[in-house]
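Order as written gives the chain letters A, B, C, D, E and F; numbering starts at 1 within each chain.
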C-alpha cells in the first residue's frame, strides 16, 4: 500500500465531519475517527519493516521545474511522530466529542482538526523540503483556524493572529533556508540532502541556512525569543491545546531540528544557537509557569519549558543527548496531552481554571484527580513515571558537554534549577487543585465527568506509568529506530533505558530537583511577592499594539506618498520621463544630424510665431476659459496649415475637422463648468510646473530636432511603390489607412465608437445644474434660434453633404476619405443642431446613432472578414477596374466599403455625443430607456 | 404626386448640386454626371425633413441680375471702405439705423440681410422679432440716415421683392 | 514676377494674421476675439490658396474649402455660446 | 478558419461586441438575449484561445499578416506561447467577470456586455500584435473600454477615480506616441522584430535617440503596469470599479508587464548592442519599491478592495523583479506567477463585493458591522483566496512564489528578491489575517437574513470558477511550468520572430 | 526650418505640459489637446520635413513619407475620441462632485468657490 | 507662361492680398467692435475673391482645362460670412460693448438687442 494513501485518506477525512454532522454527534465522531484510525493502521502495518531497519519511500513527480517531487518516506523518526500524531489525535477527537457543548459546530471543529492532522502527518512523512514546507504552512493555517475557533472572543482572534504571524514569519524564513539548501545541494530530496551533509556544513552560506532554518523551527516550537505566542494560543478549545501543544504543532519545530540534525548539527554555531535558545526557553518557561494561576497557563509555560529542554538536548551535539531528546519528545507528548485534557475536564465540570478558585476537588472527582496526578508527577520528573527517565538522561547529558569552556558547569546547574521549578509548578498543580481545603464559590458544583471523557486521560496515564516502569519494553525499540535516523552514518551509541542506573550525579540532580521543588512550592509566597511587583507585560497587548503601530505607520507613509492629487501623479510621470531621458540625451554629442537644413522665409517665421504665441497664450489665459478656447483654436488652425505646408493635405483636413468638433464639444462642456476660476495654484507651484514643462518641452524639441536632421531608411518606400498596384489607390496615405494598415484604422474607429458609447453613459442621468447667466451676470438672450441663422444653415446642409460625399469618394486617390467625410457630415448636422436646437432636429433624423456606430464598425470588419472567402488573411484588399457603359473605366475597391464603415462610425459617434449633450438642458435628458 | 415630383421635389436645388458636383470634380464626363445626379437627387431627399418651407425664387433671371448688381456694389464699396480704414480713424462716423421691411418671409429677409452685410460699409446687426425692422450698423453714416435706408430699400429690397414675386 | 507676387501676398497675409492675433489677444471683448479668429480663418484660406498657386497644385483646395465651412460653424458656435450658453439646446 | 486563428480572439470580441449593440440584443428589456450572447462569446473566445494555444504548442509560434502584407510592411500578429497563454487567461477572466456581472452589475447602466467585449478585444490585440503602432492602437482600445467600464454603475467615487485614470493615461498615450515617433524616426520601421534587427546597426547618435525612445516606452508601459512611481492611479481606480470590472482589470497591468517583457527582450534585449538591457538600472529598484509600496498599501488599506488593489501592485513589483533577472528561467517563473496573480486578484475584487453587499453600510471596510449573511460560504472563499494570494500552499500562489524566488540567480538577486518578497508576504499575511478576522469574526449583532443580500448564484459561479483555477494550476503545475518555460525560451530567442516573420535580416 | 519646427513642437509641449499640471479639469483637458497637437507634429515630422510632394502618386517627383502621416491620422482620431471622453467626463465630475477640481475636492488652503451663479438643479 | 496671363494672375493676387491685409488692418485699427465687424467682410469679398480668381485662372492654365472649383469657396463664404457677422453683432449688443465716440443712434442698440420694433419703443426711436 502506498504511503500516499495516508494524506489522501486524511484529506477526504476532513470533509467527513461536516458531511456527517447532521447524523448526530456520536456518528459524526465515529466517522471522523475512521480516517486517522485507518491511517494509523496503515502506518502500523509498515512498522515491522521499519523496526527491521527498512525505510519505506514513495514518490510522484509533480513540478520538476521547481524540484518539487511529492515524496514520502517512512523511517524511524517519522514512525515515532506518526504514532504520536495519530494516536493522540484519536484520543483528542474522542475527548472533544464530550468536551464541546451541544450547540457548537462540531463538524467544522473536526474538519479543522483533521486538516491539521493531515498537515502534521505530511510534515513528518515528507521526503522533499518544499513538500515539507507546504505541510508546515498548512499547520500554521489550520492552527490559526483552530485557535480562533471561538471567533467571537477577542482573545481567540488575537491569539490566532499572533500565532499565525509568528509561525508564518518563521515559515517564510524556513522557505528561504530550504531554497538555499536546494541551491547548495541541487535537490530538495531530504535523503540526498542528508547524504550531502558535509557539502552544506562546509558551504559559505551554512550560517545563513542554519539561522533561517532555526528561525523556522524556533518560532514553531515557541523557543525563546519567539515563545510569546504560545500561551495566547490557549484561547483555543482545550482539545486543541491538548493536541497542538503536546504532540503536534509545537513538536513540528522539534521534528525539523531532529530531521535536519544529521545535516546541520555538529558545528559550534549549532551548539551555540540551539543549546542557548533551549536553555533560555527551558528556564524561562519553568519560571513563568510557577506564577500562572490559570491551569492552561501553567501547562502552556510548562510546554515552553519542556520544548526548551528538548531543544537544549538537541543542541548539545552529543549523540546520547539526541536520543534523550527523542525520548523526552515521546514522554512529554503523553503526559502533556493528558494534562491538558484533565484541565479541560476540570474547567468543564467546575466552570473555572483559576487555581486560586479551585481547591479540594479530590473529594468530588477522585478518578480525574488520580489520573491527573499521574501525569503531573510525570511532568515533574518523579521516578516511576516516564518523565523521570528522560529528564534523568537530560541531566546526564548536561554534564557531558564542554563547549562553553570554563563556564560549562553552568549548564548542569541551570538544568537542575529548571528541574526544581518543574517540580514546584507540578506540585502546585496537584495541591492547589485537588487538595488544600474545600472548593468555594465555584461557578458549578464539581462532579466526575462522563466516563468516556476520562478514557483518553486514563489511557495516557497508564502509558506514563508503563513507560516509566518498563521503559525498555514499552519504548525501547521505537526510540532506537527513531534515534538511528539521526545518525545515518554511525551506529547508535550505547544507552540504557532503565529506572536505576545506580547512584550517580544525574540521580543526585533529580533528588535536588524534587526536594528543591517541594521546598520552593512551600515557600513560594515570597517569590510570588517578588514576582508580582513587576508589571507583567501582556504579550498579546504588546503584539496588538505593535501591529496597530505598524498599520498606523503604514497609513502615515501611504498618505505621505499619495496625497490623492493628480497634479502630483502627473508631475511624477513627467519627472520620471525627465530622469530617464535627460541623461542619455546629454550624451548626444551633436543634436543636429547630417541632413542639410532647409531655409525659412518670413511667412513661416510668422506662422511659427503665431503658433507659439497661441500656445503660450492658451497656457497663460487658461483661467479665462473662453479666451483660452479661442487661443487654442488658433493653434489648431496653424497646426493644420503646417500639415498642409509639409505636404500632408489629408492631415490638414483631418486636423481641421477634428479641431472644430472638439472646440464645439468643449464649448458644450464649458457651459456647465465655471467660466472663470480664481487662482488655483500657489506661485511656488506655478514656478515648479513651469520648470517641469520647460524641461519636457526642451527634451521633446531636442529629440525632434535630432531626428529630423538625420537621414534614415524607412519601410515607407514600399507603400509608395505598392499603393497603386497593390492597394488600388494613388493617395498613399489613404491606402495605408484602409489597406496596408487598415487594421489600425479598424481599431481606431472602434475607439471612437466606444468613446461615443461611453460618453452616452456619462451623460445618462447627469445631475447638472444650468447656469442662469454668464460669468458677467448677463442673462442669456431670448433669441434661441435666430431666423437668419436657421435659414442659412438649412441652405448649407445639402451643400455640405455634397462636399462630404465628394471628399469620401475621392479619398482613395486624392486627399480625403471616410473619416474626414464623416466629420464634415457631422459638422453640417451639428450646424443644424446649433441653428434649430435638439428638440427640432432630433425627431427629424430618425436614426439610432448607436446602431449607426455598430453598423459602421461592423461594415469595416466584415469587409475584412470577406477576404476569408478567398482564403486570404483578414483585411486583404480587393479592387478591380471595370468598363461600365457611359461611365468608362471605373475602379471598385473593397477599401471603399471599409471606408464607408469609417464614415458611418464617425457620423454615428459624433452625433450620438452631440445630440445627447444637447438634450441635457431639455426635458429629454438621456436616461436608462435605451439599451 | 408623380414619381418624378417625389424623386425631385426641388429640381432647382438638384440642378445646383449637380453643377457644384461637377465643379468640385472639375469634369463634365458622363460618369460624373450620372454619379453626381445620384447625389443631386438623394441629398435633397435626405435633407427634406430638415428644411423649413419657404417661398422660392420665382424669377431666376432677376436673381442673376441682382447677383451681378451686388457684385459691382461690393467692389466699389470695398475700395471706399478700404480708404476709410486706412485713413485717419477720426474720420469715421458710424451709426445705427433701423430699416423698415416690406418683405415678410424669412428667406427674402435673409437674402437682404446678407446683401447688406456683404456690401462693405453696412452690417446687419439684428432683425426685430416681428420681422418689421432690420437693424443695420453703418460704418460711415451720412448726415441724413434716411439716405441709407432708402438705398437699401430701393436698391436691394425692391429687387428681392421682384425676385420672389411677393 | 508671379513668384515675387506670391511671396509679397503671402507676407501681407501673414502680417494680417499677426494683426488678427493681436486683436485676438487684446480683445477687449469676447466678440473681438471671435471676430479675430474668424478673420484668421479667412486669412488662412487665402494663405493656403496662395500656397497652392505657389506649388501649382490644387491638392490644398479641400483644405481651404473645409476652413470656409468649418470656420463658419466654429464662429457661429462661439457666438451662440456667448448668447445662450448652451449652443445646441 | 484554423488559418485565421491568431486574429480570431480579436475578431470574436469585436464582432460580438458590435452585434450586442444591435437588435435583437440591444434594448433594456432584452438583457436576457444579451446575457446569453455574451456568455456564448466568452465561451467561444476561450475555445478559440485553446485552439490557438494547441496550434502554438504543436507548431511553434505562428504569425498572421493582416491584409496579406508581409513583415515588416504590414501589421503582423504574432502568436507565440506567451501570447497564446495570455489570450487564454484573458478569455477566462472575461468569462468569470461576465458570469459575475449577471448578478446585476450588467444592468446598472448601458452597454456593459458590448464594452466588456471591446475590452477583451483590446487586451487580446495588445497581446497578439507584433507591431508597435498597432500596439498603441490596441492600448487605446483597451483604455477607452476601461474608462467606460470604470464609470459603469455611476457614483462619485467612480467618477473621481476615472478623472485621474483618464487624464494620466491620456498623458501616457502622448508619451507613447513620442516614443513611437522617436523609434520610427531612427529605425524606419514599426515591426518589433524588424526593429530588433535595426537596433544593432544604429550609429552612435541614433543609438542615443533609440535609447530615449525606449526609455519613454518604459514610462508608458510602467504607467500601464503601475510601476512605481506611476502606480498612484491603481488603488483608487481598481477599488472604485464595480466588481466584475475590477476583476477584469486585474489583467490590465499585465498588459503593461507583457509589453515590457516583449519590447525590452526583443528590441532592447541581448541583441541590441550597446542598448542591451538598458532599462535594468531603472526597473530593478523601481520593482523593489513597487513591492514595498504595495505592501505598505496593503497594511494601510481601510477596506478589502484596497487590499486587493495593493496586492496587484505587489504582483506587479514581483513580476518586474523577475523581469530584471533577465534569464529565461526568471521569465518563465514570471509567466506562471502572472497567471496566478491575475486570477487571484480578480477573485479578491469579486469577494470584496460579495462580502460588502452583506455588511450593510460598512461594505468591505474593516470596521465592526453586522454579520455577513452567508458566513460559511464567504468565509471559506475568502480563506482560500487569502491563502492563494499570500502564496501559502497548497495553491498556485505558493508555486508562483517559489518559482520566482528560485529564479534569482546571483547572491545579490537572491538577497534583494527574497527579502523583498518574503517580507512583503509576511506583512500581507498580517494584513489579511486582520482583514479576515474583522470581516468574519467581529460583528455587531446577527445578520438580518434578507434574501436579496445573499450572494447570487452567478457571483458564486464567477468566483468559484476563478478560484478553482488556483488548485488546478497547482495540481498541473508540472505541465504549466513546462509551458511557461517554453514560452520564456521563445521570448528570449529573439531570432525566432525574425525567422517566423521571414524578415530579410533573418536570412543574413 | 528644422530648428523652427522643433522649437514650435517644444513650445507646444511646454504649454501642454504646463496646462496638464493645473488643478482644474478644463485647463487640463486643454493641456491634453495642446499636448496632442505637439505630439502629432512630432510624430508627423519623424518622416522628415518635406516641402514638396504630398504622397499622392503622379502629383510630384518625390513623395513625403506617407507612413507617419497615416499614423498621425490614426492618432488624431484616437486623440479626438479620448479628448471628447475627457471633456464629458469633466462635466460629469462637475455634476457628481460639485466642483471642477481634478481631485474632486478643493485643494487645502484655498477660498471656497462661489456657486451663487448656479440655478437650482433642473 | 504668357506674360499677360501672369500679369493678370499677379494683379488679381495683389489686389486680393491688399484687401485681405486691409481687412486685418481694419480689425486692428478700428475703435469699436461694431466697426471692426466691417473689416473681415471686406477681406472675404474682394480679398479672397481676388486670390481665388487668380487661382482659377492659374490652375486652369496649368492643367489645361477650366478649373473653377476654387470659386466654391467664395460661394461658401458669401453664404456664411453674413451670418457670422450677424451673430457677432448680436454678441456685441448682448455684451453692450462700448461704441466709439461719434456713433449715431446708439439708442437703437437697446431696441435691437431686445429684438423690438422701433415703434414699440418710442423713447429710443429717432424717426419713423
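In this section, a contact is a pair of C-beta atoms (placed from the backbone, for glycine too) under 8 Å apart; a residue touches a chain by one contact, two chains touch by 3 or more.
Going by UniProt, the chains are C = K+/H+ antiporter subunit F; E = Na+/H+ antiporter subunit C.
These numbers were taken from a predicted model, which means no experiment stands behind them.
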{"item": "Contact-graph separation of subunit B and subunit E (Na+/H+ antiporter subunit C), given in steps at minimum", "value": "2"}
{"item": "Chains touching both subunit A and subunit F", "value": "B, C"}
{"item": "From subunit A, the most remote chain by mean C-alpha position", "value": "B"}
{"item": "Chain closest to the middle [Cα centroid of all protein chains]", "value": "D"}
{"item": "Pair joined by the larger number of C-beta contacts - C-E, B-F", "value": "B-F"}
{"item": "Chain whose Cα centroid lies at the greatest distance from that of subunit D", "value": "B"}
{"item": "Where subunit C (K+/H+ antiporter subunit F) and subunit F are represented by their mean Cα positions, the distance between them in whole Å", "value": "12"}
{"item": "Between subunit C (K+/H+ antiporter subunit F) and subunit D, centroid-to-centroid distance (C-alpha), Å", "value": "48"}
{"item": "Gap in Å, rounded to a whole number, between the CA centres of subunit E (Na+/H+ antiporter subunit C) and subunit D", "value": "28"}
{"item": "CA centroid of subunit D to CA centroid of subunit F, Å", "value": "59"}
{"item": "Of all residues in subunit D, the ones touching two or more other chains", "value": "133, 137, 140, 144, 147, 151, 154, 163-164, 167, 171, 178, 181-182, 184-185, 190"}
{"item": "Multi-chain contact residues (two or more partners), subunit E (Na+/H+ antiporter subunit C)", "value": "16, 20, 25, 28, 38, 40, 42, 45-47, 52, 54, 56, 67, 71, 74, 78-79, 81-83, 85, 89-90, 92, 96, 102-103"}
{"item": "In subunit F, residues with contacts to at least two other chains", "value": "18, 25, 37, 39, 44, 63, 67, 69, 72, 76, 79-83, 86-87, 90, 92, 94-95, 115"}
{"item": "Pairs of chains satisfying the touch condition", "value": "A-B, A-C, A-D, A-E, A-F, B-F, C-E, C-F, D-E"}
{"item": "Residues of subunit C (K+/H+ antiporter subunit F) touching subunit F in the complex", "value": "1-2, 5-6, 8-9, 12-13, 15-17, 19-20, 22-23, 29-32, 34-36, 38-39, 42-43, 45-46, 49-50, 52-53, 56, 58, 61, 64-65, 68-69, 72, 75-76, 79-80, 82-83"}
{"item": "Complex contact set, residues of subunit E (Na+/H+ antiporter subunit C) against subunit C (K+/H+ antiporter subunit F)", "value": "52, 54, 56, 59"}
{"item": "Complex interface listing, subunit C (K+/H+ antiporter subunit F) residues touching subunit A", "value": "7, 10-11, 13-15, 17-18, 21, 24-25, 27, 30, 33-34, 36-37, 40-41, 44, 47-48, 51, 59-60, 62-63, 65-67, 69-71, 73-74, 76-78, 80-89"}
{"item": "Subunit C (K+/H+ antiporter subunit F) contact footprint on subunit A (complex, rising order)", "value": "601-603, 606-607, 609-610, 613-614, 617, 626-627, 629-631, 633-634, 637, 640-641, 644-645, 649, 652-653, 656-657, 659-660, 663-664, 667-668, 670-671, 770-771, 774, 780-781, 783-784, 789, 796, 800, 803, 807, 814-816, 820, 824, 827-828, 830-831, 833-834, 837-838, 914, 917-918, 920-922"}
{"item": "Residue ranges of subunit F touching subunit B (in the complex, touch as defined)", "value": "18-19, 22, 25-26, 29-32, 34-35, 37-39, 41-42, 44-46, 63, 65-69, 71-72, 75, 78-79, 81-83, 85-86, 89-90, 92-93, 99-100, 102-106, 108-109, 111-113, 115-118, 125-128"}
